[in-house]
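For reference, chains read A, B and C in written order, and residue numbers begin at 1 within each chain.
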Amino acid sequence: MITWAGWREKCTPLRRAWIPVALAALIAFPLVSGDIYYQNMLIVTFMLAIGASGWNIMGGYAGYLSLGNSLFVGLGAYTTGILAAKDHVSPFLGCFVGGLVAATAAALLSLVTRRTRGMYFVIVTFAALQLVGVAATTLSGLTGGSQGLALPLPTWSLSYQDWPFYYPMLGLLVVTVAVAAWVRRSKLGMGLFAIRDDEDKAAGLGLRTAVYKMIAFVLGGTFVGIAGGIYAYYVTFLNTAAVFDIITSVLIVLAVLLGGRGTVWGPVLGAFIVAPISNLTSTSLGGSDAGAIRLLLFGGLLGAVAIFLPRGVLPVLSRLLPTRPPVPVQPAHVPVPAARPVEPSDVLVVRGLRKSFGGLRAVDGVDLTVPRHEITGLIGPNGSGKTTLFNLIDGTIPSRDGSITLAGRSLDHASRPARAHAGLARTYQLPRLFGSLTVVENLVVPERHHLWSTRVTPVERARALGVLDNLGLAAYADSSPADLSYGQRKLVELAQVLWLDPVLVMLDEPAAGISPALSARLADLVRSLHQRGVGILLVEHDLAFIADLCQRVCVLANGNVIAHGSVAEVSADVAVVDAYLGDSVLPAVRS
Amino acid sequence: MIELGQALVFGILIGGVYALMATGLTLTFGVMKIVNMAQGAFLIVSTYLCYALWQHFGLDPILAAFVVMLPMAALGLVVYKLVIERLERIDPGLTIVATFALALITEAFLALIWGPNQKTTTPVYFNQAIHIGQLVVPRAQLYACLLAIVITVALRQTIKRTWLGHAITAASENPEGARLVGIEPARVGAWIFAIATGSTAFGGAALSFLYQFTPDTQDAWLGLTLSVVILGGLGSVAGAFAAGVLLGVAESLTTAYVSVRWATAVPTLLILVVLTIRPQGLFTRLTRQDAAS
Amino acid sequence: MIHIEGLWAGYGGLDILRGVDLRVARGSINCVVGPNGAGKSTVLKTISGLLWPRQGSISIDGVDLTGKPPATILHAGVVQVPQRNGLFAKLTVRQNVLLGAYIHRKRRKHVEQRYDQLAQRFPLLRERPDTPAGALSGGQRRAVEFARAMMLDPKVVLLDEPTLGLDPASLAIIRDSVRAMNADGVTVLMVEQNVRFGLTLAGHATVMSAGRVALTGTADEVRDRPNLMDVFFGAVPGRT
């Protein structure tokens, strides 16, 4: 009798073997069978799979959905076609130029993401596709416009059938999938998933999101552009309306969504389903209604996938297949880094920060100093401007007035990632972690050297385990953040901060919502951090927590600092008590 | 000089038509922030329905629009309940894909029922013109433009003066505050979608006598109506009208002084420029941020 | 009048209310105070149906309203003036106030009559009915919110930090409005950050901390308690 566990065990070697087997079959196919119909179908399938894999890097990994990917196909196709028709460059060389043109377009598109995201980005891609289509039709001197552009016919003997198209396409597909797989397992891929989950948090940790996105987009576009070039030669005749067609973009999106967005093999699987159907419906359906029925089929399929299978086929399948056993977790003890040199003595100096929303002055000329030797607390009633102040210091809100100096360096015009690199780290009231990454990856993601190397190197893993072990979370190293409790997520956010080895740590209500035992442990961690020479600024409402931990307290009310000093001094200050307990309702109006 | 005047007249009239086509989208995209890729398809469905009424009963398309309005509103309601409501909760990106799929399916059905050949309605006025001095004012475009003004005013009045209109404004600005007075944002959404889809009847009617149409005409109109709404600033019915006119004039001047072929690029070019430089549109001021805590 | 027992509620995985017991007598003015994160606003949100409780019960005037939708709560005569964003900036004063009677919108005449009645008491409704709410000052907005709350002639009014964002001079106006409301027979449950103001105005007080009720009694008892700050925030070393 075959048990479930037994079946899963049997499947593991199968799972690893199918890739070389399938590849061998695809390579052997044209040599073994002379059926040109299936050769053609496979060529189109490869084309779609390349387009889908490329789209997946942008839309699956980084989360930027695009309806304009046939743009890259078109640019590649026309570049190759024009070079072949006008300059007699062989398409097998010209296609690389096509890839270059597509790569440039992709890079430009990534610049657009600085201003537009989400649904606006989708619209922009749609508009860009239309615009290029119109431009291509209008510049008919160059492109042949709607009359079309004819490439020189293939020059090899008929006994080779379509092999000169088939094998390059297959090769390109292998390269594209290899690149997609490598990206997914690399630091670059890790960063892209972080961007997809929470782009602002990623920037706050120091990821240069603009760079990551540009690399992803260029990778997504280049191979598709090259494939477009080969495809142009294959069809021999290009016509702008057909090439810059929205339907091609739709097929690409359909293939990815069907197969599984964000996986490596999902787009390929999807392409192998969609392309044959597309082919079958266009050839076997005759009559004037053929086009309409095709459209109906694809529309229906796309809609059904969006509604019923929002994650695609592959994630469903992979739950049935066995996964690699998790690497055993071994906490290592990593020596604590030496204490930082003690200069300058003021870690953070803020002067004259100001921010208004509408007519309301949320922060009204705040001066604040965080000395290295004193843990500083920031307290104040609701609406006093504490969170706004934090957001001004870490760069979430741009500040136009005032100055911010971190360990002697001015942060005034620095971007968020730049501030993180200068040594600023911060936690949030509600912990923000990257759901697509494991706990260890959540820590390691800001590492920016060797983006092409494996997600977590052994050295990094050892260091991360050391950090997690100090927080008692080593057992959760490979878990998803979704499996952690609220308190544990707070600790992981703190671990992210520790990983950055910062100069200043800003904690936003660290004790909120957790048990007294956990908040005591948190306090210990903050103290040990402080002993290593890190500056600490924390916002809290729990005065007991503040009193226990902070040597120095600043009180904020109505956007102004109304008192600062030790806890005892501040809590005896009449102005502070008034701010918290409120003004009395006497007829006399306060000045 | 006359040439300029004529270009302007054409531009304003056609701009009014564009605004008419975009009215539904102002509500769904502008107010609810839902990208309905099926807007063009709904427009064409209305066109075909008006055409059918004209063909079988000889009913003038503009009058037919008043009849077609009702089944279109019902269609909008069904689409909202079955598709939009469900998907917006999961991932707005999926709504875009699903409505796009809907557009394809719609196009397919239209092709199956009516075939791929070009059609148009030809009421009495479709090729007549009024002459003002040396300027030619085509009657069909004029009627369409007037219709645009009437519909815009009607929608604006509904929003500004009825309970439903106030509920729509309230729910889109402040959903939690709206719930506190008993307004349920989901129900308001269904109403908006129904009204928006119903109002495409008028755009569809105009399309039927202004152009020759086929089922795939919807592609071009989707891009155009999106441009109008984005330029006009999301949610502003009056802004969309102004944007439509601006677009029409820009296209008309491009046709007259540059070339016809580049004219079709004007809307998409404007979308790209506006979205990257001034995402809130040309006619709305940046809204005041509420005070942070 | 209001009877809350063993209430547990929160957002996502986080429990903010951890077993709240609260009783408010008919016709009283009751004030809830406490530090942030204590759950004061969450209690009001749960009563009004904006948040579903995980456990526990809420009943008003003997009617069980636990987990019911906001419209039902309104029909039961319970209205809330929220902390922020109570009004719709794009609508006028008149439109905002009328929306308070949205659930009675079919009875047009009745609603308009009610508006005219309230205009006697709230001069802003007479003087500037067509001003967009976004153009009003903080104090004016609160006045409009109070007027709107009264449109349904409610039994219970929930006030979430009515003095938030107001200058001290406006406090007296708020105090008078609340007293007038109460004189009409309305039971008032308010959350206040301005402890002294709240405890001077209210007859009864409740102190909440960390999702539970820490202290309850008459307003005088609570306000005159020595070391109120300690109960509020927990023990502060350096002060006994």
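Definition applied: contacts are C-beta pairs under 8 Å (C-beta built on N, C-alpha and C of every residue); 3 or more make two chains touch, one makes a residue touch a chain.
Predicted model, so just to flag it, every value in this text is computed and none were measured.
Engineer: Considering only which chains touch which, how would you classify the arrangement: line, ring, star, complete or other?
Structural biologist: Per interface graph, the chains form a complete graph.
Engineer: Which chains are joined by the largest number of contacting C-beta pairs?
Structural biologist: A-B
Engineer: If I average the C-alpha coordinates per chain and also across every protein chain shown, which chain's average lies closest to the global one?
Structural biologist: Central chain is A.
Engineer: Just the number, please: Cα centre separation of subunit A and subunit C in whole Å.
Structural biologist: Inter-chain centre distance comes to 42 Å.
Engineer: How big is the gap, in whole Å, between where the Cα atoms of subunit A centre and where those of subunit B centre?
Structural biologist: Centre-to-centre distance between subunit A and subunit B: 35 Å.
Engineer: Give the residues of subunit C that touch two or more other chains, as numbers and ranges in rising order.
Structural biologist: Expected reply: 165.
Engineer: Do you know which subunit A residues sit against two or more other chains?
Structural biologist: In subunit A, residues 360, 382-383 touch at least two other chains, as defined above.
Engineer: Using the touch definition from the top, which residues of subunit B touch two or more other chains?
Structural biologist: Within subunit B, the residues that touch at least two other chains are 288, 290-291.
Engineer: For subunit C, which residues are in contact with subunit B within the complex?
Structural biologist: 48-50, 69-71, 74, 80, 82, 84-91, 95, 98-100, 102-103, 105, 134, 148, 165
Engineer: Considering the complex alone, what residue numbers of subunit A touch subunit B?
Structural biologist: Against subunit B, the touching part of subunit A is residues 65, 67, 112, 115-116, 118-120, 122-124, 126-128, 130-131, 134-135, 137-138, 246, 250, 253, 257, 288-289, 291-296, 298-303, 306-307, 310, 357-358, 360, 362, 382-383, 385, 387-388, 391.
Engineer: Tell me, which parts of subunit B touch subunit C in their complex?
Structural biologist: Subunit B reaches subunit C through residues 163, 166-167, 169-170, 173-174, 176-184, 288, 290-291.
Engineer: Contact residues on subunit C for subunit A in the complex?
Structural biologist: Listed in rising order, the residues are 13-14, 16, 35-37, 161, 163-165, 168-169, 171-172, 175, 192-198, 200-201, 228-229, 232-239.
Engineer: Spell out the part of subunit B that touches subunit A in their complex, as residue ranges.
Structural biologist: These residues of subunit B touch subunit A: 33, 35, 83, 86-87, 90-94, 96-98, 100-109, 111-112, 115-116, 215, 219, 223, 226-227, 230, 259, 261-262, 264-265, 268-269, 271-272, 275-277, 279, 288-293.
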